[in-house]
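Have a look at this one before I ask anything.
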Amino acid sequence: MANSLLEIAGLTKGFPGVKALDAVDFAIQRGEIHALMGENGAGKSTLIKVLTGVFPRDAGETRLEDKIIAPRSPREAEGLGISTVYQEVNLIPHLSVAENICLGRQPTWLGAIRWRAIAKRAAAALARLDLSLDVNRQLSSYSIAIQQLIAIARALDISAKLLILDEPTSSLDRTEVEELFKKLRKLRESGLGIIFITHFLDQVYEISDLITVLRNGRRVGCFATQELPRIKLVSHMIGKAVHQVEALEQKRASTASIRSEAPMLEAHGLGRKGSLRPLDLDIRPGEVVGLAGLLGSGRTETAKLLFGVDRPDQGTVRINRQAVRFNSPRAAIRYGIALTPEDRKVAGIIPNLTVRENIVLALQASRGSWQRLSVTEQAKLADRFIQALAIKTPSREQTVRNLSGGNQQKVLLGRWLATEPKLFILDEPTRGIDVGAKAEVEKLIQSLRQDGLAVLFISSELEEVVRQSQRVVVLRDRRKVVELTEGEISEETIMQSIATHNLERPAA
Amino acid sequence: MIDWVSDLLFWIVFGSILFLLRGQRIFWSVGALGLLLLFNQFFTPGFFHIQILDGHLYGSRIDVLNQGAKVMLLSLGMVLVIATGGVDLSVGAVMAIAAAVSSRLLVTEHQSAGAAIAAALVISTLAGAWNGVLVAGFGIQPIVATLVLMVAGRGVAQLITEGQIINFLDPTMVYLGNGHLFALPFTLTLVLVTLGLAFFLVRRTALGLFIESVGDNDEASRYSGINAKQVKFLVYTFSGFCAGLAGLVACSNIKSADANNIGLYLELDAILAVVVGGTSLQGGRFYLIGAVVGGLFIQTLTTTLYARNVSSDISPVPKALAIIAVCLFQSESFRTRLSHVVRPFGRILKPLGSRPPQKSITATHDSPKP
Amino acid sequence: AADTAQKKLVVGFSQVGAESGWRTANTESIKSEAQKRGIDLRFSDAQQKQENQIKAIRSFIAQGVDVIAFSPVVETGFEPVLQEAKKAGIPVVLSDRAVKVSDPSLYVTFLGSDFVEEGRRAANAVAKLTGGKANIAELVGTVGSAPAIDRKKGFEEVLSKYPDMKIIMSQSGDFTRAKGKEVMEAFLKAPNAKEINVLFAHNDDMALGAIQAMEEAGIKPGQDIKIVSIDGVRGAFEAMKDGKLNVTVECNPLLGPQLFDLIEKVANKEEVPKRVVSQEGVYDQAQAAAELPKRQY
Amino acid sequence: MTRLNPKYIPLLATALVLLAVFSTGSLLYPNFGTPRVIVNLLNDSAFVGVAAVGESFVILSGGIDLSVGSMVAFVGILVAKLLQVGWDPFLAMGIALCVGTAAGVVMGGLIHYFELPPFLVTLAGLFCLRGLGFVIYPESIGIDHPFYGQVLPQLSILVAPKAVLPFTAMCFLGSVIVGTFVASFTRFGRNVYAIGSNENSARLMGLPIGRTKITAYALAAFFSALGGIVATFYMQSGNPASFAGLELDAIAAVVIGGTLLTGGVGFIPGTLMGVLILGLIQQIIIFNGTLNSWWTKIVIGALLLVFIVLQKLISGGGDQES
């Protein structure tokens, strides 16, 4: 077809121990949004990285507008008109937002950078995503979700022929995603080709025209979105027959549980100037409390205060009726608290250590350095979680850096499960993990709950929060606005309470 | 004739060690040491000559072991510091302090050798702890924090000796740097014992894991409940201890404490040894044995230059080139490039360079993780 | 002029560093002499760096001292700052070592030993010890340093007159005992090590280190290999007394009294000679026992 | 103006510390707080300062350059030798700058293409340049070219009575200005920051990694070579054995100036202040004039510590940890 934008034929890429891509074909037209789907470790990100020259290819051919291309770096790819947002935010934390958007293509005058123009251009780029931020602030002062949006703004800031988005929505909430999709549709109309990777089936059906499914580095097939039922898609992704998949379909968590009346954790008036207004919160053993809210509403801040990462400057925390005070994660861990952070690159993985070492790390830390877990114990532990969480890795001795994003997240879950916590704070735990794994994680949470674990569950996916929680605390503007119990929990009520309280908010 | 047999034996042992290490990170450091020795075998007359003198072995290779002890000791402390992403510039000065303290106690204050040695080790460990407080407690960048002691420490050492070179003859003190055990220099025992201590500290406890974790991702380690400050404090303290030992060996070597010169510029050699041993200056994974091999490599290089009578003016040049060569071969990207250019090379280097797929967990971290 | 006689004389002195026992003795001598005479001494240690010395001299000018004295780290590079001193009308006295300047009026006088001469004396001592037949191993001082360059120069100058005396090995020992020992160890393992019958060390410290290396190799220092070195520190005399060192060429560090005699004269605008050589001797084993008690450094 | 951008706080802290050092000196010693001392300070620190500006770029890029001291010495002896054999001074300086920059390109290339640690490569550079200096001429050579003897002294400005701002100081200030411009107002400069902060992200953002890194080392070498030329102005001689350990002074100055050794954070004017703080500490010690050799070292160390801790406290604890 004359509209053909990019064609990939027989692309192959191997890493030691893994064949990440095995003769993959792929094609995208102008004015098309093409979703790339597959389980964690299926090879989606690798396909993107080989295409844009981050990794050299082993074999295969790419044609852009019928010309053979072989970029050797993202820079060359960009020069060819391929603009990419890679998985995980890849920006420069120490630089300002404005600079991050314009880096490498700053407007200059006689070789001198025009700083004012940069700020203006960055603000404009953000405005297109309906975002208004102080562009002169350091990037790292914004939450990971905002950073993700900034990365997208950067990618959209150049006129490209092909836009690639690798899990751009993993941290975004519903409204943000809608804004993004609006923009993407507009771009589609203007004739841009867009490759879109996500694990959210809803989003795929909402936005994409075609779906290519990868499994174990091979192409399973390319389908028109409208003609592919969900269940079929999932069955293609995980390689199981449809009826097997149906068993996976999640149901609303049962409320029946052994619920002791005494709260495991009670926070009264817990707050910190500039980050969280005083709030009350209690979690009982055997209960999942969901924390819902929009971006920057203070969910992560709450988690950080409870885990001792940030020091609260007001309020009290009681654990099992005992007043406690901790100023480090170490202390929190001693009380049986665990946290999987939302930014796994910065606060989660130890990139150059192995899967085994990453998994045993927290347990070992809580035992101190003298009671070293023996190598066999470590191996056993690692193997247990590799199996339980279906972590896809050539061996437990693989460095975590080389795992796919979703599998890294699973390693982190394993790290904390190994410590057998009493209270598990999960900040976006399902970020970037595939449907199958997500179901596994949900099952896991529920079974932990049944064993008497208290869970604080933070997610931007309302659906997930609704499904998982017995109680939902809704935050807005870093303040608790309402607490929904058992019968009241639904996506609508949550949305409503956010919206209503928005209106009620005094003009300040 | 005897030489010929002993050389052959030496190379058989060396070759088998190399063979066992193939595919491991320290293969390249040991290999480089081998190449250097091989060069000496053929081109430096007398280098491989070994004889028995006063009941112990005597020859250039023995000198390498003895003289290299200082750098090897330092590099054992340094490798842990570097693994946490830091660096310790003060080790040379701490050596001087240890030497000054011990000889002053011994000579001016007439204390026993045991007391002098103990005091020197305690004080140098405290000096290391001081660095640890600055880095871990105050959060000062390691290079500046240890620069303070690097500058001031030598002054302190001179203050202790009052600027004099203190000579001593105490047999215990002299034995440290000049004695022999099992026909080999006692310093070798000292290095091995310290290596054993370090090995126990980091590999038999979980400290090694914590060190690598902190060096690799400080923030994430904190989130995992590791006391990063404590870990950093400990490694600087240990580095101080190692420097103290090295200082004792250094002053014992020449039976005198020369506060101005002991350990001068040795921090550079120690850092080099660590890097040659395969540990990255970015922190993270570290190789204890690699650091010791690196120390040996550097001393062999120095001794080779002396033995070949290379003028001191230009002797830094071959030293630099040799070190660059070692690191080139350690560099994955250099090997790939080379094997592209020179096909036969590729065939030899490939199996050695790319690590074999992991089968099972190896007992120690000193073996690589693919 | 009557006024200056009343006021305390202010002298700025920039020392090379504290790199050796010799230097420490030199510093002590200067400091104690200044105190004895009631002179306000501004002492500055350059830590072996020329740039520090230039800073110090410039600072002395800013402080407005009466006389500047210094032991230059190297010969060249002081012209600009000495020009400044001259402009400010402050007289400069050199101690221990000279500078090369195009305009000799930049300093008033120079007191010190002559390194080249020391090298010559050492070579003559070697000739006397061996009857002009020597295979010499040389331990050179710090590469590029003035004493190392000049002592070698003087030594080789005399050597050229003796066809049977030649240097067969030469390596820097950095003026330290440790390096002296390490290098000697390497010398002794060379295939032609047996030929060495003389060691010439640019200072006593290196010789003392080398002596240890010889003893460990089962060689008798002072007999199997004759040793000549320079400086004349206490340790050298002890070694000579024990028969392990043959000759040390003195390089006197106790320049304090002579230096301040000169400085006071200069301050009083009296005539002084441009070059004052310090009094030094050459000592052998016969004189060692008698001389030893007199050595306080 | 609006409130202070937090990224300038370390810079401000450094400035306050600089002020504190200067006031301490002025209070303690007469003749200290005079223009003459300030001018001397600029003059005395000129060559370290010029080299430190270059060092800043390398450190900002996440690397390190240890070859500074040897480069300054090497260029010094090269220029002195060329002048001795009768070359034109400008030609000699031009050659020296080119040779120096070329050495930087080689080092940068080794670091980038073969992924060798910068510490190691530049340490090799240190050894090689030192050796080459001795090959050119093993002893110091005085420069008596009329350009040095007569023209240079003319190129100074009387800024206050008894205080002449010499040409070397102007070179220093000029380098700081040029360096600040390059770091803050060129794409290359911003790329240096990005690479130093996170090289992998910078690569994925499509920035030219290799070109930027190699240019950073070349620039550092250029400034070091310029520092070497300034040193010949300063001492009117070249000496292959001089300036050992200068790289540590340069690195210390950069770091004290608020630049993170891990890269990505810092400002060139901070380096200027770092250099001046180190210089002032030395001045205080010289003015004191009673310290003996070892106390000098101890006091330098102690003052260094006091000011670093002070700076840390002003800039607000562990905030700037990476």
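Just so it is clear, A, B, C and D label the chains in written order, and each chain counts residues from 1 on its own.
The rule we apply is simple: a contact is a pair of C-beta atoms (placed from the backbone, for glycine too) under 8 Å apart; a residue touches a chain by one contact, two chains touch by 3 or more.
All figures in this text were calculated on a predicted structure; none of them were measured in a lab.
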{"item": "Connectivity without subunit D (remaining chains kept where they are)", "value": "one piece"}
{"item": "Identity of the chain that, by mean CA position, is farthest from subunit C", "value": "A"}
{"item": "Between A-D and A-B, the pair with more C-beta contacts", "value": "A-B"}
{"item": "Rounded Å distance, subunit A centre to subunit D centre (Cα mean)", "value": "44"}
{"item": "Between subunit C and subunit A, distance of the C-alpha-averaged centres to the nearest whole Å", "value": "71"}
{"item": "Rounded Å distance, subunit B centre to subunit C centre (Cα mean)", "value": "35"}
{"item": "Sequence positions of subunit A contacting 2 or more other chains", "value": "none"}
{"item": "In subunit C, residues with contacts to at least two other chains", "value": "17-18, 24, 27, 143-144"}
{"item": "Per-residue multi-chain contacts in subunit B, two or more chains", "value": "158, 163, 313"}
{"item": "Chains touching one another, given as label pairs in label order", "value": "A-B, A-D, B-C, B-D, C-D"}
{"item": "Contacting residues of subunit B [partner subunit D, same complex]", "value": "85, 89, 134, 138-145, 147-159, 163, 218, 268, 271-272, 275, 280-281, 313-317, 319-321, 323-324, 327-328, 331-334, 337"}
{"item": "Partner subunit D, residues of subunit A touching it in the complex", "value": "54, 73-75, 77-78, 84, 86, 90-95, 99, 103-104, 106, 108, 111-113, 136, 138, 154"}
{"item": "In the complex with subunit B, residue positions of subunit A that touch it", "value": "16-17, 307, 309, 328-330, 333, 339, 341, 346-354, 356-357, 360-362, 364-373, 375, 378-379, 394-399, 415"}
{"item": "Contact footprint of subunit A on subunit D as seen in their complex", "value": "5-7, 181, 184-187, 190-191, 193-194, 197-198, 200-209, 264-265"}
{"item": "Of all residues in subunit B, those that touch subunit C in their complex", "value": "45-47, 49, 53-54, 58-60, 63, 67, 158, 163-165, 167, 178, 250, 253-256, 258, 260-262, 264, 302-303, 306-307, 309, 311-313"}
